[in-house]
Amino acid sequence: MQPVATTFFFYFLSGLTLASGVLVITRKNPVHSALALIFGLLAQAGLYLMLYAPFVAGVQIILYAGGIMVLFLFVIMLVNLERSQKEEQFNKQWLVGIVAAAALGVLFVLVYMKGADLFPVRMTLPTESNNTQEIGVMLYGQYMFAFEIASLLLLVAIIGAVVMAKKRI
Amino acid sequence: MGDQITKDPSTYLSHLELGEPDKTFLDSNELIINMGPQHPATHGVLRVILKLDGEKVLGTECVIGYLHRGVEKIAENRTYTMFNPYVDRMDYVAAVSNGLGYCEAVEKLLNIEAPPRAQYIRVILTELNRLASHQLWLGTHALDIGAMTPLFYTFRDREEILKIFEKYCGARLTTHSFRIGGCQYETYEGFERDVEKFLDFAPPKIDEYEELLTTNRIWLERTKGVGTISAADCKALGVTGPVLRASGVKWDLRKAQPYAAYSKFDFEIPTGQHGDTYDRYLVRMQEMRQSLRIIRQAVESIPEGPIMAKVPKVMKPPVGEIYHSIEAPKGELGYFIVSDGSTQPYRVRVRPPSFVNLQALDIMVRGQLVADVIAVIGTLDIVLGEVDR
Amino acid sequence: MVAKFKARHGSGVREASTYLGQNFMIVEPSITNDVLQILRDEEQFDYCVDITAVHYPSREKHFELIWILYSFPRNQRIRVKTMIADGERFPSSVSIWPTANWLEREVYDMFGIQFDGHPDLKRILLPDGWKGHPLRKDYGIIQQDQEWVQINLGIESGQ
Amino acid sequence: MLDYVTSYLSSNTTPGQAGNVLWVLIYILVVFGAVSVAVMAMNWLERKALAHFQIRLGPMRVGPHGLLQPIADAIKLLTKEDIVPAEADKFVFWIAPLIILCASFTVYIVVPFGPTHAITDLNIGILFMLGVSSLSVLGVVMAGWASNSHYPLIGALRSSAQMVSYEVAMGMTVVSAVLMTSLNKTGTGTLSMIGIVQAQQSQQIWFLFKFFPLGLIAFAIFAIAMVAETNRAPFDLPEAESELTAGFHTEYSGLRWSLFMLGEYAAMIAVSSIAVTLWLGGWLRPFPNTLTGGAWDLVFSLVPGLLFIALAVIAFVGVVRMPKHPYFRIQTIGLAGFGAVLGLIGLILFAPPVRDRIQDIFWFTAKVAGFMYLYIWYRATFPRYRFDQLMKVGWKVLLPIAIGVLILTAVLGVLL
């Protein structure tokens, strides 16, 4: 199945992600920044689709946009905003920020210059049809152990949440 | 929660004495919510101030008086017969029983007795009115809990009763069909046939309501265990009527102190065990059936004869006072009349069941959730015209 | 039953008779509360049907307070009456029957009789700022609390 | 250019897969148009059916038997003034209904009306559907927050909590249905919607009846969760009038409010189409395998035509019973015209070429229509759940059973 106008879509989606990333940090109103973040995540899901990883894109939409961001919005609404706005924003550390940004910039430039030999030559192009099955097999085959550990971690987190709120119920 | 009343009533009564909301890690701020006079579910102009801890109700305070018309003050400036229509305006849903109570109280004062035929007509009309009042209660109560359909069923059937009233005395709601000493009008010639037709029409309809609600999973979930009140609390708070019977007290004025012609009919008094909203629902449904039974017996054995006792044109009851009460659909409706020998009563005191039952709202709702407050107001079956007088 | 009360309180119980088959007792205001307490505890009058008052401006003691009681076990009613002067305070019977809470509030609202020990004695039917007690004989039928009406409703007079 | 257009007709895959942008656009237009019309029809049906449940007539005045009522409502909503609350957050207030609308409409690109009649066939069809339908929670939360008043906020929080918790139960049942697809010869299941229906076809059994009780239980849980997901019927607590909170869309009016309604109905149709695809064998006609053979095929293919003819007959009966009063003359003519149109469609459906093409689409829509009727039936009979009961049912009842069903399906899948 020959893809359609991939270059245009690629630039369009990555541009969207970048734009929403910038929006997230510049917006004063926390809800607006949360929305920008959701928009960015959806654009990212589009990018995954272009990499023929529909399963990951689907999970991205469900988990990130549908689940976690809803909780973000919940928290933003329940915490009454006036109080948080009054607290003094600690943005004195301009200097530290610039240094960190510069270091990151240098790293990107180096990677770009090294270019090809960092990445394996052939472009991995798993066929579109069995992508989900492949992930399933790998998840429960090779990486079974890691998968269990992760689920354990999540369980602990859930129990923590319940205990914290337990007094409330 | 239930028995703290009888144990040590004074602690209960420190006003809005509230359990300390559990200050926890996520400190919840109590909320004072005002379920205002124009709330769709408060059956008229009742304002309830709720003190909430999150969703749980800590305490309530009822603010009433929005519909106060000063009926008792008017009574002191009207003659006995002129005051009769005012009585219907109090509990406008069950106007006939108001009229019955008042007329019988004054007849007691005048020491006259309504003729048997009048008493039978009075019983038939009062029971029909009780049925109509319960149907209206069921419709609005189900609507408050979310079931829309019963409302239309009950109002369709209530229409039949109102047609009979309209044919008999020209009015549907505030009938003013009784006079001191008997009934105003002789029954129109098709009266018995209409009532019998209604008696065959009604029972399957009541089964329809039962079909819709009694075994409805969500209805059970919304009513079982909601707004429970124990028999001891009912007695202490003076709660009467279906609410008292649902808590297990087998007491009905029509049997305890029979008036009109009730002693001549046999019918059971339905009672519940737990005194929760579901029991009150069952008690009232059963009462509807008992009313039909009474009407059937009354229509079959209605005697011939005059419908009006010999009553002086200008009534001057002897000096003295009496208290007479009847079993209105909502509870014990009492009239305390003091006469000073003139044509106008010196003092008329009405003991409204809704006013006293409403007092139990606070204890029934404490610890429940906000959604249940509406269900409990519905199950108390209060009419604000009677509460505010 | 009345004999027992007479023995215990002597002069307190002024009169006990029946009129049209309804027996009632007239009792001294000072001992009314104990009489009510005894009625409830020993005589099983566990249901206070109604508390009301009647205003007799002609008599020296203006107000007549009336308790209508009913006993479930004995299926019997009794009325306890007592006479109190205008402006005299009276111990509240809320501690005996909790139902007295609103009933006494209404008597206060309509007659202006103060009840001591009542948890929350304020007007129940009339607006809080209302002046005057309507069910008193001297309170005219067409009379309105002009001042309250002007402030709150902004209309000239009640009529 | 022309061959570009005709090239798709020959291939037997969905336009999306065939990468034929033009046909994808056409399909999108057709499907979204059909859904909007369906929403209008659903609006009319809901009011009339609810009315007849409650022994009243429902809208009769606008057009014959209220047929023009949805149009009248639409015009009213369009012309109504669009109030924005004072300090409401303009941007969020404006975008909330759009998000709900987009979320509930993008689900349709994967809904399979027929083996080739779907806008596209993503191989993660179901996952995509669930993902996008969970986006509408965002719209609800934003709507509640943006209207900047106390009650809509509570309503929004409540309904989003409800939607999030029922999504979990829904997800579990969907997984158990997908598990069933993996039992055919190929041994690997599929997430794509068309694949699921084809699996049901090849296994010659609707998943509703597979491993007898399990399929049914999973379907029942999905049906309940589906109703809760769209805030309908017994779970419509957020908009409960008798409650304090009046739902997240109280501050909206006019066009914006109608977008919410459109979104709600579209979501209802979308969610029930998922249920139909997963358990009731999408576009397969009933008893595809037991009653096989030409004769039965013919009979089943006549059903659509018969249905429309029956509707036409009902319309004409209505015309005959219409009172003769001149005021009703226009309405009788209108009804007669409507009946004629229905009869015409019925006749066209009998023509053989149309008949077998329309077959799949008809059966799919018939099943979804059945679900719509179920929604209305719920609304007429059930009282409303209290919020804590609602959450209790969601978490303590539906979820455990859903997980149990999932495990049992897996075990049975391995054994059989």
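Letters are used for the chains, namely A, B, C and D, taken in the order the chains are written, and counting of residues starts over at 1 for each.
As a working rule, a contact is a pair of C-beta atoms (placed from the backbone, for glycine too) under 8 Å apart; a residue touches a chain by one contact, two chains touch by 3 or more.
Just so it is clear, the structure is predicted and the values come from calculations on it, not from any experiment.
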item	value
Touching both chain A and chain B (chains)	D
Distance-maximising chain from chain D - centres being C-alpha averages	C
Centroid spacing, where centroids are CA-atom means, of chain B and chain D in whole angstrom	46
Centroid distance [mean C-alpha coordinates] between chain D and chain A, Å	32
Centre-of-Cα separation between chain D and chain C, whole angstrom	65
Distance between chain centroids, defined by C-alpha means - chain B, chain C (Å)	24
For the chain B and chain C complex, residues of the former touching the latter	5, 9-10, 12-15, 64-65, 68, 70, 72-74, 76-77, 108-109, 111, 235-239, 249, 251, 256-257, 320-323, 325, 332, 334, 336, 338, 346-347, 349, 351, 355-356, 359, 388-389
Residue ranges of chain D in contact with chain B within the complex	50, 53-56, 234, 237, 240-244, 379-389
For the chain A and chain D complex, residues of the former touching the latter	1-2, 4, 29, 31-32, 35, 38, 54-55, 57-59, 61-62, 65-67, 69-70, 73-74, 77-78, 128-133
Parts of chain C lying in touch with chain B, wherever the complex brings them together	19-20, 22, 46-50, 52, 54-55, 66, 68, 72, 75, 77, 79, 94-99, 101-103, 110, 119-120, 123-127, 134-135, 137, 139, 141
Complex contact set, residues of chain B against chain D	33, 35, 40-41, 55, 142-149, 151-153, 156, 212, 216, 218-219, 221-222, 369-372, 374
